[in-house]
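In this document, chain identifiers A, B, C and D correspond to the written order of the chains, with residue numbering beginning at 1 in each.
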Amino acid sequence: MTLVAGVDIGNSTTEACVTDVGEDGKVTYLSGALGRTSGVKGTTENVSGVVEIVRLALARAGRDPAELQTVLVNEATPVISGLAMETITETIITESTMIGHNPDTPGGVGLGVGTTVAFPELPGCAAGSAVICVVGPGVDFEDAAAGINGATARGVRVAGVVVHADDATLIANRLGEPVPVVDEVTLVDRVPLGMQAAVEVAEQGRTIRTLSNPYGIATVFELDPEQTRMIAPVARALVGNRSAVVVRTPAGDITDRRIPAGTLTLIGEKSKRSVEMDAGAEEIMETLQRVRPLADATGEPGTHVGGMLARVRDTMSELTAMPVDTVRIQDVLAVDTFVPQRITGGLAGEFALENAVALAAMVRTSRGPMELLAARLRTALDAEVLIGGVEADMALLGALTTPGTDRPVTILDLGGGSTDAAVSTEGAEVHSVHLAGAGDLVTNLIDSELGLKNLELAEEIKRFPLAKAESFFHVRMEDGTVRFFDRPLPADAFARVVVLTDAGMHPIPTRHGVERIREVRRSAKRRVFVVNALRALEQVVPGGNIRRTGFVVVLGGSALDFEIPDMIAEAVAEFGIVSGTGNVRGSEGPRNAVATGLVVNYASARAAGAATGG
Amino acid sequence: MTLVAGVDIGNSTTEACVTDVGEDGKVTYLSGALGRTSGVKGTTENVSGVVEIVRLALARAGRDPAELQTVLVNEATPVISGLAMETITETIITESTMIGHNPDTPGGVGLGVGTTVAFPELPGCAAGSAVICVVGPGVDFEDAAAGINGATARGVRVAGVVVHADDATLIANRLGEPVPVVDEVTLVDRVPLGMQAAVEVAEQGRTIRTLSNPYGIATVFELDPEQTRMIAPVARALVGNRSAVVVRTPAGDITDRRIPAGTLTLIGEKSKRSVEMDAGAEEIMETLQRVRPLADATGEPGTHVGGMLARVRDTMSELTAMPVDTVRIQDVLAVDTFVPQRITGGLAGEFALENAVALAAMVRTSRGPMELLAARLRTALDAEVLIGGVEADMALLGALTTPGTDRPVTILDLGGGSTDAAVSTEGAEVHSVHLAGAGDLVTNLIDSELGLKNLELAEEIKRFPLAKAESFFHVRMEDGTVRFFDRPLPADAFARVVVLTDAGMHPIPTRHGVERIREVRRSAKRRVFVVNALRALEQVVPGGNIRRTGFVVVLGGSALDFEIPDMIAEAVAEFGIVSGTGNVRGSEGPRNAVATGLVVNYASARAAGAATGG
Amino acid sequence: MHHAPVDDRRSDRAGRDRPAVTVLHRPDPGTRRLLREITAGMEEEGVPYRVEEAADGGDGARELALAAAQASTLDVGIGVDAAGYICVHHAKLPPDAPAAAGPPSSARTMGHNAARLVVGIPFKQQEGPSHA
Amino acid sequence: MHHAPVDDRRSDRAGRDRPAVTVLHRPDPGTRRLLREITAGMEEEGVPYRVEEAADGGDGARELALAAAQASTLDVGIGVDAAGYICVHHAKLPPDAPAAAGPPSSARTMGHNAARLVVGIPFKQQEGPSHA
């Protein structure tokens, strides 16, 4: 019997298993362990992490480190991913044409049209004139209401109100004749005066109907067809709001400008194609499909995409100590996303969800200083260290220890930086791919789409279910069920959406509801993993025909997710193949495949040796 | 001055306007009115409705019916729609392989594996054996728990429990060692005994991980690859459940059978193509596009689609008194839908969302007995009755009274049974289409997808926002805002999702949450109106190039909807055209276009007459 | 930061400020079986409860239920009168409009529905003849 | 069947059973202005309220707030002590852990947040120097 450890140094995670291997090749698995990879995969930085994890596994097996005879390490070719994101649309309001934010508490209901007049000027307005009263900062709501009521009494038709403070309901409640009031207009001083304007507030739970319709605005301002054509983008920008103000200014406009993000050039082994970044993810991915396999990708210098790729290359070169100009991008994954962004020229801090494209790029570096790493490990662990076979082969061997699997088998390894796949046909020929984009991209999308600016929280949102604290003693889970607690919940959780992590309840400091956050989370997972799973299977299976895949075994850290495996199951359901999350050695779940495969490989070589030798 | 009424007899709604028309063609609009069309459009049944609505409009204008000189009626060619829906998938469980319902309150957490044994047989189980205890009806929860604890004390490993009553938490709470308990299994007597079985319950807010994974089931039952392949559909059926039971029976299986729904043959004016109904809506609509314009459609006799089309033809023939064999289907709209349906062979009333296809068909009948209708109206109203121009022309003339519009103009008339479109180029040439599917189809989809069996309620859900009664004094609206009431809400509304109609708050008697109902509602609107709007524009605009459409004016009853206009605005946004809801005469919104157009047409003819005559 | 879910079986013994549905019943030995069914309904739904004996007096189920609801930190109370008639009330409802009421045979269902009043899900329907 | 929304300005005069946040304050003439700001915050949020004068005694804002919360049909109360210090409490919170508290200058924000406690949306942050 030989005490053998299999060690898999991954980009994020180092995994080990400790086994007894008999002369006949019989393997007895004793224990496993995992931890964060120290440093860049395949470099001597990994030593400390490996030592720690192997020691942990030995301790769990109850074995003395001195007994350890052989350590098997995977051939760790670093696959490194970079990530960049660029906004490709921008909304700009010129000349204060509109106010399109959505205050929580506007006042009144309906539509009012008139000439904008500052509150202090109200007494000067002629009887019979129709006005929109603009109330600046510092005016008390009772004074505002009194002033407006006074003007109304004199015959001035105050048709609507625009206010700086959060006073809309207060003012509306005090008016003799209620009119629509839009409040929290931070830059109310910049509302152009003496102009025709319309104020609309919809009933609670509804959205505006007139100012979100170009013909509604045309009716209100008596616009001709040409003017209507000009104002149409304003109407479009207001669709879905509960309240709005439109001011008719001579050259006012709102534009939904596409930012020239630049051209991405995809250089295939046989051909080369360019695609505009602002065409969106689908077109980029279609272009990639046409030039595949990818040899490199470049971005037009001086443009956004140029900058994106330069950043990716810099990171790669830094991490791997390769010269920048030898870094080759071997896969990209483009994902459509959006970024909540303040509208330029807005008067009330209006936000728009601007379109953006996220680009994950993958670089496969040359094999690192493995021999040196092995030598260091030998010293540190005082054991024989063998560099095992090709990583994909080992992963397949490990995956096949999952009960119910057989060749032909296909693995899908859902990691942090890359989604890898490999297939082993009955002839034992192995074909593998490494695709850009995996768990880290999902975390990044969640972070930016929710505007969190907190990657740790985004990672938690990815991994754990949501709930809303409905009272100080109970939460409603995202599936609608209710959970009670003995003690009052933390004050910062109350009335907030929280994520129920292993380490307790963490409030999510945004205004988004449970449904919204859930949808962002699920859609990010779909956009990355469903897309990549299908891409990977298509590239790796013989003839690209997924139906001929055999058993699909899903592995890797992201296969531990509480919903990604279900999404992949649903996506491949139509192909009628058997697909599920791996259960390495019937016990490890989707973890430990490579470490296990290394031992399986070693043991069968040994058995073969014993057989021929004996 | 002549007192003139314009009357539009629609399929659902009859609309009128009352005007003074001067010798010079100057029109003064006095009033409008609308009501339900009496009988089938274009038949003498319409008389009573028209008379009532014209009288109402006259009364509103403050004019004596005796003054009415001329009534203009549209050339009412009935466009009649039929609707049918067929399920195309069916889920069948054989040999009680699994229990996959989702009880509200399962008990315990985790996975248990053992041989199924009836509760009364528990005392006979050998120490050391692993069992799943099946508790039938009539056993008290304390007795059940005591029996199981007793067996455990004797060394029997009771690994999980399946119960008839809603007692899972009660039993689990009383077990010495908690195990997963699945309850509310109505047909618990049919659970096969003496078989290997696994029971899994996930933590609150999570879903099961082992029994929804084929390799999880393979691990549990030590299946070989071939057996794993067989069990894979069971795993797939359990994806997303919080609890489940899988029993390993010799020939147990679950199938997701496609029902051979039959072949739909689309006969175009030039070519003819067949398509399988179970290929789904997208393929049906693509086939239609290839044979357009449609001359007729037939369904394979003896199949579901044959029956669907026969029903449509029968309805048509009944409504129009045309012989069945002269009814020609001129358009169809296929929509993918789903129907919640009880799974055949389930032990606990399991439901599955089976796929279905809804088919709306449109028949344009020959011009009805218009002359007779006109004669009857003449008598009834004692006024000159003129049959006006082509309906589409009149609608365009009416639409052009919307402020901000100009030729070229395109109308999209979103009605109850059909979506109509017409375009008038600068040369005043008019091209129009009538497409199957509109507001009534949306109502039907909402009704069947939510399993309401109440079309009136479905119509309300279509038209009004949702809320949830959160206490007896306040509701939370679907947009998250809260509304307070003075008096307690009706008891039947409490804790229910309600629809906030004009006539009060109506509870929706289903278990669906606000989000779910909202999503069904919005998706039904999208599947019908966004699809049809794009189809209509594409068919009606010159060269099918929507960018060349000019001004798009949306009309009809469904344009009054609180979200359909926004959806259409978003769908056409990318074409950069001006599109919005019509505002006929700057005041009528999307209503009264044809009635108005009739008067516009009459007045300009009169002015031309006066000019040439004078 | 981590909060353990309430263990329902401990609720009876627990302090006043812990969230719980209050059950107020007349001190009649015949109600024992009923109380077991009522509390079973709540336990199955995972909602904590507390059972208290009403002081002597002539109150009916509705008055008891209202008093129980007002005493409950969850605003929901159940009253059981001497005849075993059961009433479910909510502190925010008008006194004469309780949320639900029924005969002794509906005990389990009443327990479920008091719990569902707290959780905010639709009531359970009473099935055929009862357990009680 | 149709229910009219509550008219906030009538709330003061309304009966006890109508849902309202209760404000309990010391009978100090100096609190008038404060009360106006506090109730304005609630009115803007559309949540009904009721203002009551506390009987004589030495209670601080927190005790007043707790009593107010317990008296409120919405479980939310505001206490204002003689010095104008303001506390927002919830009947289901531990007595010594109020939902929010602040100086006189935070009056409007406290009103908003008492209302938001009822509505269940995140609290409003106190902005720079106050109105009060």
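Note that in this section contacts are C-beta pairs under 8 Å (C-beta built on N, C-alpha and C of every residue); 3 or more make two chains touch, one makes a residue touch a chain.
These figures come from a predicted structure and were not determined experimentally.
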Is the C-beta contact count larger for B-C or for C-D?
B-C
Comparing residue numbers, which of B-C, B-D or A-C shares more than half of the contact pairs of A-D?
B-C
Go ahead and note the Å separation of the Cα centroids belonging to subunit C and subunit D.
31
Mind checking the centre-to-centre distance between subunit B and subunit C? Centres are C-alpha means, answer in whole Å.
41
Where subunit A and subunit C are represented by their mean Cα positions, the distance between them in whole Å
46
Going through subunit B residue by residue, note those that touch at least 2 other chains and give them in order.
471, 473, 480-481, 483
If I count partner chains per residue in subunit D, which residues reach a count of at least 2?
19, 46, 73, 92, 94, 120-121
Residue ranges of subunit A touching subunit B (in the complex, touch as defined)
104, 204-207, 209, 212-219, 222-225, 227-229, 232, 235-236, 239-240, 242, 402-406, 465, 467, 477-481, 483, 500, 513, 515, 551, 553, 562-563, 565-566, 569-570, 573, 578-583, 586
Within the complex, which stretch of subunit C touches subunit A?
1-6, 18-19, 46-48, 73, 118-121
Footprint of subunit B on subunit C - complex, ascending:
8-9, 40, 43-46, 90, 92-94, 97, 99, 112, 116-117, 120-123, 131
Subunit A residues within the subunit D interface of the complex
104-105, 140-141, 166-170, 173, 468, 470-473, 488, 491, 494-496, 511
Within the complex, subunit C is touched by subunit D residues 17, 19, 73, 75, 91-92, 94
